[in-house]
Amino acid sequence: MHAHKENHDFEPKIIAFVCTWCTYAGADLAGTSRMQYPANTRVVKFPCTGRIDPVFILRAFQKGADGVLVSGCHPGDCHYMAGNFHARRRFAAFRALLDFIGVDLQRLQFSWVSAAEGGKWVEVATELTERVRALGPMREFKELEAEEQWSGVIDTPELQEAYNNIP
Amino acid sequence: MSRIGVFVCHCGENISRTVDVEKVAAEAARIPGVAYATDYKYMCSDPGQGLLKKAVAEHKLDGIVVAACSPRMHEKTFRNAAKSAGLNPFLCEMANIREHCSWVHEDREEATEKASAIVEMMVARVKKDRKLVPITVPVTKRALVIGGGIAGIQAALDIADAGHRVVLVEREPSIGGHMAQLSETFPTLDCSQCIMTPKMVDVANHPNITLHTYSEIEAVEGYIGNFQITVRKKARSVIEEKCTGCGVCSAKCPQKKIPNTFDKNLGFRPAIYVPFPQAVPNTPVIDREHCTRFINGKCGVCQKVCGPGAIDYEQEDRLIVEPVGAIVVATGFELYSISEKPKGSPIKGYGEFGHGTIPDVIDGLTFERLASASGPTGGKIIRPSDGKEPKQVVFVQCVGSRAREKGISYCSKICCMYTAKHTMLYKHKVHDGQAYVFFMDARTPGKSYDEFWRRAIEEEEAVYIRGMVSRLYQKGDKVVVMGSDVHVGVQVEIEADLVVLATAVQPRAGADTLAQKLGISYDSYHFYSEAHAKLKPVECATAGIYLAGACQGPKDIPDTVSQASAAAAKVMTLFARDELEREPIVAKVNERNCVACLYCKKVCPYGAVEEKEIRDRQGNLIRVVAYVNPGVCGGCGTCQASCPSKSVELDGYTDEQIMAMIETL
Amino acid sequence: MTNSAQTIDPALYAAVTDAVRAEARKVLESGAVAAVVGWQAGRRAGTAMPTIVTDPAKAADLIFSPACVNNLALYLTKAKKEVRGKGKIAIVAKGCDLKALVGLMGENQLKREELHIIGVVCAGVQGAAADRSLPLSEATIAGKCRECTVHTPENTDVTVGTLTELPHFTPTESAELARLEAMTPAERWSFWKEHFSRCIRCYACRQVCPFCYCEQCLCDRNRPQAVETTPRPAGNMAWHIVRAMHLAGRCAGCAECERACPMDIPLNLLNRKMARELKELYGHEAGFKPKEKGPLAEYREDDDQSFIK
Amino acid sequence: MPKTITEQNLRLLIDTLVKEGTRVVGPRAAGTMTLYEPLATGEELHLGELPRRSAKEAFFPLCETILTYEKDKEGVKVSDIDPARFPETVLIGARPCDVAAAPVLDAVFSWDFKDEFFLERRRKTTIIGLACTKADDACFCTAVGLSPSDTKGSDLFLTPLKDGGYRCDVVTEKGEALLSAHAGLFADGTGEPLPLAEPTLGKLDLEKIRNWLDSHFEDPLWEEIAQRCAGCGACAFLCPACHCFDIVDEGGEQKGARRKSWDACGFGKFTGHASGHNPRDVQPQRYRNRIMHKFKYYHDKFGQRLCTGCGRCIRACPVGIDIAAVLEEINNK
């Protein structure tokens, strides 16, 4: 039962945007069932996947997420009837856009996890964590964040150091 | 700068076993804006809440983060505590470091680090929390009960007796449900019909109950206190107001050979029929699928013989809209069928039991109809194939139930008891007969239950064989039962005259569709989910909707009635108030910025968005903006995610709150 | 419709110009409209600019030429309240511009009956770097016009001009789209990174877009700040992603954003990509008839969810 | 004594400067256009066309950080950017219409508050101007009193010669210093210059224009021109003389940076007040301010005008607004 902590060179930051009715409850169920999964995921609770703005995904990557999980109720199970249907289209479009921009979609996972699917939550969170761990850090947005227009660049060792510190 | 208080709960050892709670509190204290941070054994306890209230006053806190269990568990508790400390309850947030952390991680260092990160995230959020004032909405003191079995009947009667109007909707032509089909009931062996029918009549006669039988729920809109339901009243082809229930139509109907489903197809009924003699209402219905008139237009006898002229072949389904304030869902169960299941169904049939093709292999409910005094045989136990009295009956328990390989892993709870009852009923009627029961183990917790089961063995001479049945097959006029007796460790073969299978209790087909209409959640078997397994066993997570009976999970009659009364009590609690406070998690439009593209209106699942005209003092139209009706808004926030300029914002889940959380990554 | 001549006959535009002037004069004189939104010649040879004519005598200033690149639908949006305030408006519209008008109608921004649409048959307009002294040809025609399917606008109040045979033009936008799609994500990232890093956040792309009529752009908001406003590479990337997403399912492909960009960022590639995705996924095409709901405001229960676990 | 420098030595000069650690900014091919950008080698110098963006970037960056902050339990820690860290820069190959704007801008950045961000960069920048030999129909430097060979603002000034290479004139001491430090790359003498560019627009009476502006704050002209203005910042951002900037804090509550970046008077929110009031709430008012600022207010205060006739705003304007046409119209009134 006692899983030994493995030492990895890189522990990814995973942020999960979940709806309160299904996936959040599913994650709770994983807890009450004492299932085990990697500790990398940070959950942000929304009322519904319908509330999840693509900007949040973008922002998460910009702010240092190495992987993003978006999860809600199965089609037809939405507490608000149709929020997840709207979300499904929105995210289908957004992921196509991110792909076209050049973001590796392996870092962005969408799933339906119901309140009864504690096991599926564990599976989804574990899979994404392990996949992103294998991919390594999401360098693109972090590097971009450290870049300046040439005219604004100054000779600051701190900035250079910050840039070098991007894993 | 904010003055946030952070309270880290040990939850006994539930959290502190894997999370270094003191460290989490110490880390929290270092976050700018945190004025106070501490840890405590049980934050939800009275002293724990007292600690919180005291800290609010002493440290002039303007926001609170309780790092403990899931907000689904105790958010209300702590928000109430915050409120009584004089803080707006919406300035209190929970950091879920139990279900999402201590219970799912074993490494102490990792779990502690994660707990601190979760706390930091929630501190960031609470800084952006706004004071919200609950919205008051009127309560429509009228309840909808879905399902007219014993659960629905009990709930409807209780609510109606309390003086509130009830709309009871039943899918079948009569109320009564499964209990009306039963013979005697355990553990007292009183006649089911005898205790059931008076209640059915009470429903029919109750001035506060509007009964819609042969009806289904078409649509549900609205929210707690203010639902709007649409009932599809299926065409009965009989005008209820005119029908006197004389029964001439059924007697004269030339079409008489339709299998009687109420009797589990053991007998026949005409095309115009009442399901059983004690039906409520005692109004027949025309089975259009089998009626000659509807098949080829060549009959019309019932119309001719009906004195009051109640037969209406042209009748159409009617949609009735009813406002209700609360909903009790009591849609009951159905039995697992051993027949071959359609492809893709997670439930599997029993090929080894002949897939339901052996006529003398029946299920428990069929046995009930055989044993019932009002059943097709008048209570005489005979076998379906040749009408002979069976001398050796084998009962098999756990068919489908507790059989993961058959698609169901739960226990159906009632089978041990009803099988014991069946052996007794059998013995009472066939004195020289022998009952055998194959069982895995006997589950008889309940008042007088174990005594009852012992009686079946000790006094009524039922032979209980612990073991599983591997195969059933027809041999001559016998059914050979092959099984094992694990106590003795031998294979057993019994040549039975009749085999009764205690098949699993399952939710009604279509339970998922109804749940989707209601917006309630259900488990993988489609049993409806209660809000909390222990503390909210009657409530759905969706406010204003309550559960009663086997639709939530297998239950016997006493449990079902208890839960139905509990659901009724919840409804009455709700109806005790004229107005209801609801969470102010609703969308608001920033009218300055709104350009009325109305994307919000297009995506709103509630139809809560309207167009609003802004006029100057002279009454000239300046512009049109969107307006969200807070009473109708369900709070999903789909509007905000769709609004290009974010001119509509969901209170409690603002962009500022979310972005602040993301910022802490 | 191809011919052997490799250039487009300027006579087509001259004829349209005459007809536009006559129609504008007519509707202004009769009082049917308060203003006509059209194009007039610029100071420099071979240039044109949008104009709003209220005086019938000034109708003669109106022109139609390959320099009439602007999508005039811009002037009917809430971003341009001054124009709408004048009363009923006539607008000169190319097929591509008309698609934006149709989209605006679907978004509750315009009512068909409040417009008098003078459709112009258009064989194409100049590309950004074109030598203005030359007639339209493979070398000078704008990218979007090479793949135009709406030379003749429909559902107008009046449509002027006659389409002649057109030379065959090599599609450049779709070829570029295909080239990008064939790249690896990392290659695409560096492609866009280079372009976006050059962005100076002048917002010409936003300001000329008929669909960017928000009173307050999300990207100008600072509480919370969804997108950094300074022209650093990080904020630029975010801005262009958000812009493309906000236009998805709405953009009708007029390519004004790309034309207006002083830094030559191929913005219409993003719009085209999103349009194509939404067409493939949901069968949606913007700008042909006013729709109550765009592809991202509606759904089907059986929408594709192969990307969802 | 006049000097000359060969094409090859000019590039060698760049290489040498870069090696010495100087930032050399000059026209460089960038995708579909030419931009003033730091040159890694002399080879990168691309003098064929006028860069799309003006040279002001060399001392007035598109975006620069002016301080960073970090919040902790103890309070807010603010770190100022030290202008001493700005790089020594040589701006090379800049057109007279770009270079002439620099001294104009000095006035506004040093009259009251001394903007060290601008001034320190200016002090550290040596400008090698280049006479202009190619004009297009948007160019109008001569109409606003400049010429394609104007040395205003330059420290050294190059004039392309018919036989290749450049004549190099010393304009300032700073230029002299640069030249003497690399004297070996220059030769004595001169040559026949290439013909200068000839913008077509006739000379404008700028004093007359200023007088007209003085008395025409309210005039139908503003609406007539600017009702088509889309409200973008392309004109201001490409202009060598526009110098409005915005200061914003970016980052989170915990840490972030205060940044200064270009702003444009055409933006709707440019004059927006926190109250929501906007004194210039329609585009014609914004365009009027643009013209007034360039040809009246700035002149009233500093005796100079904020336009060098480079024509960038004309080329870039998405809706065809042509400042030369506007000036011409006022001139002809």
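Each chain carries a letter (A, B, C and D) given by its place in the written order, and its residues are counted from 1.
Please note the rule applied: a contact is a pair of C-beta atoms (placed from the backbone, for glycine too) under 8 Å apart; a residue touches a chain by one contact, two chains touch by 3 or more.
Please read these numbers as outputs of a predicted model, since none were measured by experiment.
Colleague: For the interfaces B-D and A-D, which has the higher count of C-beta pairs in contact?
Modeller: More C-beta contacts join the chains of A-D.
Colleague: Report back the single chain whose CA centre is most distant from the CA centre of chain A.
Modeller: Most remote chain from chain A, centroid-wise, comes out as D.
Colleague: Whose C-alpha centre lies nearest the centre of all protein C-alpha atoms?
Modeller: Going by the distance between chain centres and the overall C-alpha centre, it is A.
Colleague: Distance-wise, how many Å sit between the C-alpha centres of chain B and chain D, to the nearest whole number?
Modeller: Averaging C-alpha atoms per chain gives centres 72 Å apart.
Colleague: Any idea how many Å lie between the Cα centroids of chain A and chain D?
Modeller: From the centre of chain A to the centre of chain D is 44 Å.
Colleague: Distance between chain A and chain C based on Cα centroids, please, to the nearest Å.
Modeller: Computed value for the inter-centroid distance: 36 Å.
Colleague: Give, as an integer number of Å, the spacing between the C-alpha centres of chain B and chain A.
Modeller: Distance between chain centres: 33 Å.
Colleague: Hunt down the residues of chain C that sit against at least two other chains at once, touch-wise.
Modeller: 218, 225-226, 231-232, 296-298, in rising order.
Colleague: If you look at chain D, which of its residues touch at least two other chains?
Modeller: Within chain D, the residues that touch at least two other chains are 62-63.
Colleague: For chain B, which residues are shared contacts with two or more other chains?
Modeller: As it turns out, chain B has residues touching two or more other chains at 592, 603, 642, 655, 659-660, 663.
Colleague: Using the touch definition up top, name the residues of chain D that touch chain C in the complex.
Modeller: These residues of chain D touch chain C: 30-33, 35, 52-53, 62-63, 137-138, 227-228, 230-234, 236-238, 246, 248, 250, 259, 261-262, 264, 267, 269, 282-283, 314, 316, 318-322, 324-325, 328.
Colleague: Going by the contact rule at the top, pick out the chain A residues touching chain D in the complex.
Modeller: Touching chain D: residues 148-152, 154-156 of chain A.
Colleague: What part of chain C is in contact with chain A in the complex they form?
Modeller: 180-181, 183, 185-193, 197, 218, 226-227, 231-234, 237-238, 241-242, 244-245, 248-249, 270, 273-274, 277-278, 281-282, 295-301, 303-305, 307-309
Colleague: List the residues on chain C that touch chain D in their complex, please.
Modeller: 42-45, 47-52, 70, 74-75, 79-80, 82-83, 129, 194-195, 198, 200-204, 206-208, 220, 222, 225, 228-232, 235, 256, 259-260, 262-264
Colleague: Chain A touches which residues of chain B in the complex?
Modeller: Contacts found on chain B: 70-72, 96, 98-101, 103-107, 109-111, 113-114, 117-118, 121, 512, 515-516, 519, 521-524, 529, 541-542, 585, 603, 605-606, 634-638, 640-642, 650, 652-653, 655, 658-659, 661-663, 665.
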